[in-house]
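All chains are identified by letter, namely A, B, C, D, E and F, in their written order; residue positions are counted from 1 within each chain.
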Amino acid sequence: DFLHALQEIVPAFGASTDDLQRCRLNGMVDCGDRHKHIYQRAILLVEQVKLSKGSPLVTCLLEGPSGSGKSALAATVGIDSDFPYVKIVSAETMIGLHESTKCAQIVKVFEDAYKSPLSIIILDDIERLLEYVPIGPRFSNLISQTLLVLLKRLPPKGKKLLVFGTTSELGFLDSIGFCDTFSVTYNVPTLKTEDAKKVLAQLNVFADADIDAAAEALNDMPIKRLYMLIEMAAQGDQGGSAEAIYSGKEKINITHFFDCLQDIVR
Amino acid sequence: DFLHALQEIVPAFGASTDDLQRCRLNGMVDCGDRHKHIYQRAILLVEQVKLSKGSPLVTCLLEGPSGSGKSALAATVGIDSDFPYVKIVSAETMIGLHESTKCAQIVKVFEDAYKSPLSIIILDDIERLLEYVPIGPRFSNLISQTLLVLLKRLPPKGKKLLVFGTTSELGFLDSIGFCDTFSVTYNVPTLKTEDAKKVLAQLNVFADADIDAAAEALNDMPIKRLYMLIEMAAQGDQGGSAEAIYSGKEKINITHFFDCLQDIVR
Amino acid sequence: DFLHALQEIVPAFGASTDDLQRCRLNGMVDCGDRHKHIYQRAILLVEQVKLSKGSPLVTCLLEGPSGSGKSALAATVGIDSDFPYVKIVSAETMIGLHESTKCAQIVKVFEDAYKSPLSIIILDDIERLLEYVPIGPRFSNLISQTLLVLLKRLPPKGKKLLVFGTTSELGFLDSIGFCDTFSVTYNVPTLKTEDAKKVLAQLNVFADADIDAAAEALNDMPIKRLYMLIEMAAQGDQGGSAEAIYSGKEKINITHFFDCLQDIVR
Amino acid sequence: DFLHALQEIVPAFGASTDDLQRCRLNGMVDCGDRHKHIYQRAILLVEQVKLSKGSPLVTCLLEGPSGSGKSALAATVGIDSDFPYVKIVSAETMIGLHESTKCAQIVKVFEDAYKSPLSIIILDDIERLLEYVPIGPRFSNLISQTLLVLLKRLPPKGKKLLVFGTTSELGFLDSIGFCDTFSVTYNVPTLKTEDAKKVLAQLNVFADADIDAAAEALNDMPIKRLYMLIEMAAQGDQGGSAEAIYSGKEKINITHFFDCLQDIVR
Amino acid sequence: DFLHALQEIVPAFGASTDDLQRCRLNGMVDCGDRHKHIYQRAILLVEQVKLSKGSPLVTCLLEGPSGSGKSALAATVGIDSDFPYVKIVSAETMIGLHESTKCAQIVKVFEDAYKSPLSIIILDDIERLLEYVPIGPRFSNLISQTLLVLLKRLPPKGKKLLVFGTTSELGFLDSIGFCDTFSVTYNVPTLKTEDAKKVLAQLNVFADADIDAAAEALNDMPIKRLYMLIEMAAQGDQGGSAEAIYSGKEKINITHFFDCLQDIVR
Amino acid sequence: DFLHALQEIVPAFGASTDDLQRCRLNGMVDCGDRHKHIYQRAILLVEQVKLSKGSPLVTCLLEGPSGSGKSALAATVGIDSDFPYVKIVSAETMIGLHESTKCAQIVKVFEDAYKSPLSIIILDDIERLLEYVPIGPRFSNLISQTLLVLLKRLPPKGKKLLVFGTTSELGFLDSIGFCDTFSVTYNVPTLKTEDAKKVLAQLNVFADADIDAAAEALNDMPIKRLYMLIEMAAQGDQGGSAEAIYSGKEKINITHFFDCLQDIVR
C-alpha cells in the first residue's frame, strides 16, 4: 500500500538532507503505538497534498514535552516523502540575528518552496523561532505575524505545500492564536512504561531481569532524557565501564542506574 | 429587481480581480440563510453608496470565527458590484514590512479610491493588518490610528466609497474603539447542522445515508475546516482512495471520517 | 441683540472655511434645546474673548458620544464668529506622521494664531490627535504635554485666543489632567425622543403617522447614526426606492426601517 | 523692618523680569492670611540665603491646587528680592523639545546661577517640566534625575542659591522622592469664603448686597477659576454688558452669575 | 593604638580631597555613639585591606535616612585613611550623561584604582548613580549590572581595594540583589534625643535652658535637616537676627524655633 | 581508579588557566561530603563526554546560594580534566558591552570549542551574563535565546563538548526555561555545622576550645562569607592583631569574632 511504498523511496534532494539527518543522529527506534500512529497520519497528509486538488496548503503541528521526539519525527517524514523541496527552519542557524533578518530568511524558505511543485517546510521549535521566553512573556511579534500570515497564505496556482511545526510550548502558541492556524495538531508523548520497555530492550544495555524495574522507574520520561540517563549510568560509579557495556560485555549496574536517575529528576 | 440585475453584470476592472478570485478558489456553494441574508444586505449598501446623495462613505464590518467565509463573501460582493475601483488590502502582500510602510500602502489605496467615482476597499483580516497578538495585547497603534481616521474621513466631493472590513477578533476591535466606527456590522457564522447538510449534499462525496450523521457530528464547524476534513477523509485510512472519491466512483468511509474529525477537533 | 447680530455676519477669512464647512456637509437642522443652549454659550465666549481685557485665553471643551454633532457645532461657531483667524486642527490631515511632526504642526497653528488679534482654534477629536487607544491605554505623551502647555500659555500682549476642543473620550482626557485645563466644558448629547421627532419632521421622509413610532424606537441615537439609518432605510428592502423617497414621492417603509435599525444597533 | 525694606527695593535685573511679570498679569490682590503668611516666610528664606554662612543652598516647594496662585507668588518673591539673578524655568519655553535638550537648558540655568553671588531659580510647574501624565504614570526620568541632583548639589564656594518649585501634583512628586529633597514645603490653598469675600470686594463688580451670597457659593475655588467666572458673568446672558460692568456703571447680575458658576463646576 | 594613629596622618593625595571635603563643609561634630561605632569599624576595614593577604577586595555599605550623614562619614574615613588613591563617584559630576557614558566613567575609576596598591572608592548615593525612581520602579540596568560585577571582581594580583557605598534606599538595593554583594552593611541613623542634645550643645545657639526642650521636639531628625532648621530659626520671625545669634550675642527664640520646626515637618 | 587518575594530570592548555585559577585564589579546602560528591559526579561527566559515542553534548548546572563555591568547583573540574579547550565565560570581561556584542563573544567561545575534539565551557554566573535583575524582572532576551539554542545545538561530527553553568538564581533560570535545558543539575550548598568545623580546623586561627562554638554560630554560611568574617575578626577590635594570628602566634578572640558575625549577618 501507499505507506509502505513511500518508505521504500530514496529521496532525491540534496544539501538539506544533512540537516534532517542531524535531527535523528542515533537512528530511530520503535517508541510505541502513539508515535507510530502519528507517523502514519503524517504520511497520509503527504499523500493528500500530493494527490488532492483542493488542498494546496496543509499545516500540521507536532507538540509535546521537551525531548519527546518531535523534531526527529518531522525530519523522518520529510525524508520519507519524495518531495523535491524539503527544508527545516531552525533557530540554530539564526543565532544572534536581528528579528527582521530572521523574518527575511523564513520568508525566503517559503518563496523557494513556492517554486517547487511539492514542498515540505519544517518550522522546528516554533517558540525558539519566536524568541519566546515565559517571563513577560516576551517574543518577537514581527516573526509571529510573519508566520501567522505564511501559515494561511496559499501557494501559487499549481504548487503544493505541507508545513510541519514543532513546539513544546503549546499553551503559548495557543495564547497567541497559532493553534487555530494549523489544519491539524498531534501530541507527541513521553514514553509510557510499555514504550520504555520496548526502547530499553532494543538498546540492550540492561540485564533482562532489570528491564522491567528500570522501565517502571522512568515514569513518563521523554526519549531524549532516557538516552542521557543511560549514557550516565553506563560510566559506572567509578568511571571506566562504558566501553564494556556498549560492546555488550557488561550490563548497567541497576543500583548506579537508580542513583543517576535521582540526579536527573531532582 | 436590483439584486438580480447586479448579479448579471460582468465587472469591468482589471488586475485586482485576481486577488478577489483567490479568496474563493473553490467557488461558492450555498451555505444557508444567514450567509445569504448578509450577502443581500451588503449588495443594498452597494446600491446606497451608488445612488444616494448623503452617504459618500459607508463602512461595513464582517466578523465571525476563523474560516467562516468572511473574506470570500466580501470578495464576492466586490466582484458582483460594478464599481470601477475594487481593492483588497491584505497582510499577505505586506509581510515583514515596517509598520510605517504598511501605513503608507494603506493610505495609498484610499487615495487611489478617492480618484474613482465609486470604490470598494476590503480591509481583510483587520487584526492581521494591525499586527495584533492577544498576549499583551500587542498591535500597531500607528496602523490602528491610521485606520480609525481613514474610516471616518469623507472622500472628496463627488466621490463615493464603500469599505468592508473582515475580522475574527471582534472583541479586540471593539476594545480599541473600531466597532463604533463602522456604520454596520454583520456576524458571519459557522455552519449549523442544516447548513452543513446543504453543503455536504452539494459536494457529493458521502453516501446519501451518511450525510445526516456526518452533518450532525460537525457541530458548528466553519466552512474552511469542513473542506480540510473532507480532503483528509477522502484519502482513506491506508491512502490512495482520493481519486475514486472525487470522481464519484466511491464514497467516503464514514468510520474513517469520524476518525479524522477527532484528529481535527482535539 | 449680540447673538443675532453675530449670526448675520459673513466671515471674512479664506481657505480654512472649506475645512469648517466639511464638518457640516448636510447643513444644520434644529437638534433641540440642549444643542441650542451650547451654541449660545459658545457665542458668548466669542464675545468675552473679543471685548474683555482680562481673558486673553479662553478654552472650551465640547464632549459627548461619537457622532453627536460636536465637530459640526464647533465649526459653526467658528464660522459665525467674525474672527480673522479660525483654524481646525484635525488628525485627518496628519495621517501617518510622526508624533514630533504632528507636534510641530500643532504648535505652528498656535503661533500663527498669536499673530492675529482675535483667533479661534478647534482641536477636533483630541483623543485622535493624541493617538489614543483604550488598550494599555496608549497615547502620545509628546503631543499631550504639548497641548497641556499650549492650553495654559497666554498669547502675547494684545492678542486673544479662543480654543475649542472636541472629544468623545471625556474619561480619558480627565484621567490625563486635560479637563482641569479647560475653562469650561459642555456635554453635547444624543437625540432624546423629542429632539429626534424634530429632526425627522425636518427631513420629511416618513409618513406623518410613522414619525412618533420611529422617533421612539431610536432610543438616544446620535445624529450621525440617525442619518446613516435613514439612508439605509430609504433604499427599500429590494433596493431602488431611494430616489422616490428623497424626491418626496414615496415615504420610507416603516417595517423596513425597523429591520435596518436592528442591523445598526446589534 | 526687613520685610518692609525688601518690598521697597526696585530689582536691578533685566530681561527675565518680563517672564516674572507675566505670571501676575492682573496684578496681585489680597488673597487672605494663608497666602500672606507664605509670602512672609518666603521672604525670610531670601534673607537667610543672603546673610547666613551655612546655607548656600535653600530649596522651597509651593504646592496646591491648579490655579491657586503658586506661580504668581513665586514670581512676586523673585521680583521683591534684590538678587542679581532671578530666573523662571518653565515648560512654556521648551514645548516639543527632546528631554535631553530640556535637561541641558535646565542645567544651563543652574550653571548661570552659580556665577552670581545670589540667585533665585523658579522651577515652575515641576510636573510639566517632568512631562508627567498620571496614566501609567509616565514622566521623564532623565529630567527627574537631573532635578534630584541639582536640588541637592551645593553651589561653588561663596555662591548662594534659593530654589522655588511649584506643583499641583504633590502626590506624584512625593512618590518619586522629590518632597524629601526640598528644605521646606508650603501649601498654597484655594480661597476660603472669607478670602473670596476680600477678593470680590476688591474687584468691585458685584452689588454690595450680593457679595456674601456670591462668595459662599464659590466653595473653595482657586483664584484663577474665580477670575474666569467673573469674566463670563460680566458678559451678561445676552452678551454686551461687559463694558458697563468693568467701568463700574452696572453690576453683575447675580442670577446669571450662578448660571455661569454651574457651567464651570459641572 | 591603630585608630588614633590613623587619625593623625595627613593624607598625601591631590585633587579629589576637595571632593571629599565638600561632603563635610561644616566640619564634623560628635553625633553620638552609633555614628562613632561605625566610624571605628570602617577604620578597621581600612586596616584589614591594608595588612591582610586574603582580602584584596572589601566592600561596605552605609545606609540610612536621607541627610543622616552617610556621605560625610564615608568621606571622613577616606580622608583619615592614608591610601594613595581615594575617589568619590557621585551623580553630581555626571548630570544628564547617557547611562553608557556614566558606566564608562565608573569603570574608569575602578581601573585607575587597580593601578594603585591601596585604594578607596566611594559610590555615593548609589540609587542616584542607578537613576532610580520609585515609580515603576525605574533604574538603569546597564549601570546596575556594571556595579554588580565591579563589586565582585577581584583587583589584579597585589592590589587592594576598599569600596564604600552610601544609600538611603536600602529596600531598593536589596530588591535588586545589591545587599548580598557587600561584605558588610552599617545603618547610619537619625539623631536620637541624646545625640541631638550633644549636637545642640556644640552649636551654642540656644539658651542652656532651651536645649532639652528643643532636642526633645526634634524627634529623630537627620543631622542635615537639623542644620537647616537652626539656620531658619536664627533669622528670627522678622528677619535680621542671624548675625547676633551666630556671633553669640543673642540666642534663638525658642517659640520661633518651634514655628519653624512645624514648617519643616509638615 | 579513574577519578584519582584524573586528579594527577597536569592540564596542557594555556592562557585561560589563569582565569580558572583566579576562581580559587585561596586554594581549595575540604568543604564536606556534599561538595565532594558533586566534584566526583562532575568528573564522571568529563569521562562520559570523552569516551561515549552518544553524548557529543552534555550540560550540567551548578546552582546554590551566593558564595557557596560554585565557580571554584567548576574551575577545579576544568583544571582537573585533561581537555585541550577549557574556557570560562564571565560577565567580568564584558562589562558595559552591548548585549549583541556579548552575544557574539559567547557564540565565538562555542565556535572555538567546536574546533577542539574535547572542550569544556563554563558559563559563570548565568544570571549576570543575562543581565538579570529581579525587579521587573529584566534580563537580556537576546542573550537568553542565544544560550537556549547553544545549550541544545550539537557540536559538529566528532567533536565533544561539556558545558557547566553556575547560578545563584535557580528560580529565575527555571522560570525562563533554562533548567529543562541542562542534562543534570547539582545544588552546591552552604556549610553545615559539620562542614564549618572542618574548614575552621584547616584554617587554624581559633583556639581548639573555640572551634565548636564558632562553627555552631555560623548557621549555614557560604564559604565566601566565612572567609570574610575570619579576616575581619583577625584584625582584633583595636586593629593590629592580624599578623600575629595568621603567623599562628595568637588566636582570634572569640568575643570579637561574635561581634563581627553580628555586623555581617544583620
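Annotations for the structure displayed:
Criterion: a contact is a pair of C-beta atoms (placed from the backbone, for glycine too) under 8 Å apart; a residue touches a chain by one contact, two chains touch by 3 or more.
This one's a predicted model, so the numbers in the text were calculated from it and none came from an experiment.
Touch-path distance (fewest steps) from chain A to chain D is 3.
Annotation of chain C and chain E: jointly contacted by D, touch as defined at the top.
Under the contact definition stated at the top, no chain borders both chain C and chain F. Among the other chains, C has the CA centre that is most remote from the centre of chain F.
Relative orientation of chain A and chain E, expressed as the C-alpha superposition rotation angle, is 120° to the nearest 5.
Where the sister copies chain A and chain B meet, the same residue numbers recur on both sides for under half of the interface positions.
Among the remaining chains, E is positioned farthest from chain B, on the basis of C-alpha centroids. Inter-chain centre distance (chain B to chain C, centres taken as mean C-alpha positions): 35 Å. A straight line joining the Cα centres of chain B and chain F is 60 Å long.
Averaging C-alpha coordinates per chain places the centre of chain B 70 Å away from that of chain E. Touching two or more other chains at once is no residue of chain C. Moving round the ring of chains, first from chain A across to chain F, one meets them in the order A, F, E, D, C, B.
Residues 1-3, 41, 43-45, 47-48, 51-55, 58, 100, 103-104, 107, 137, 139, 141-142, 144-146, 148-150, 152-154, 175-177, 180, 183-186 of chain E are the ones touching chain F in the complex. On chain F, the positions that touch chain E within their shared complex are 22, 25-26, 66, 91-92, 95-96, 128, 131, 133-135, 138, 227-228, 231-232, 234-235, 237-240, 242-243, 246, 263-264, 266.
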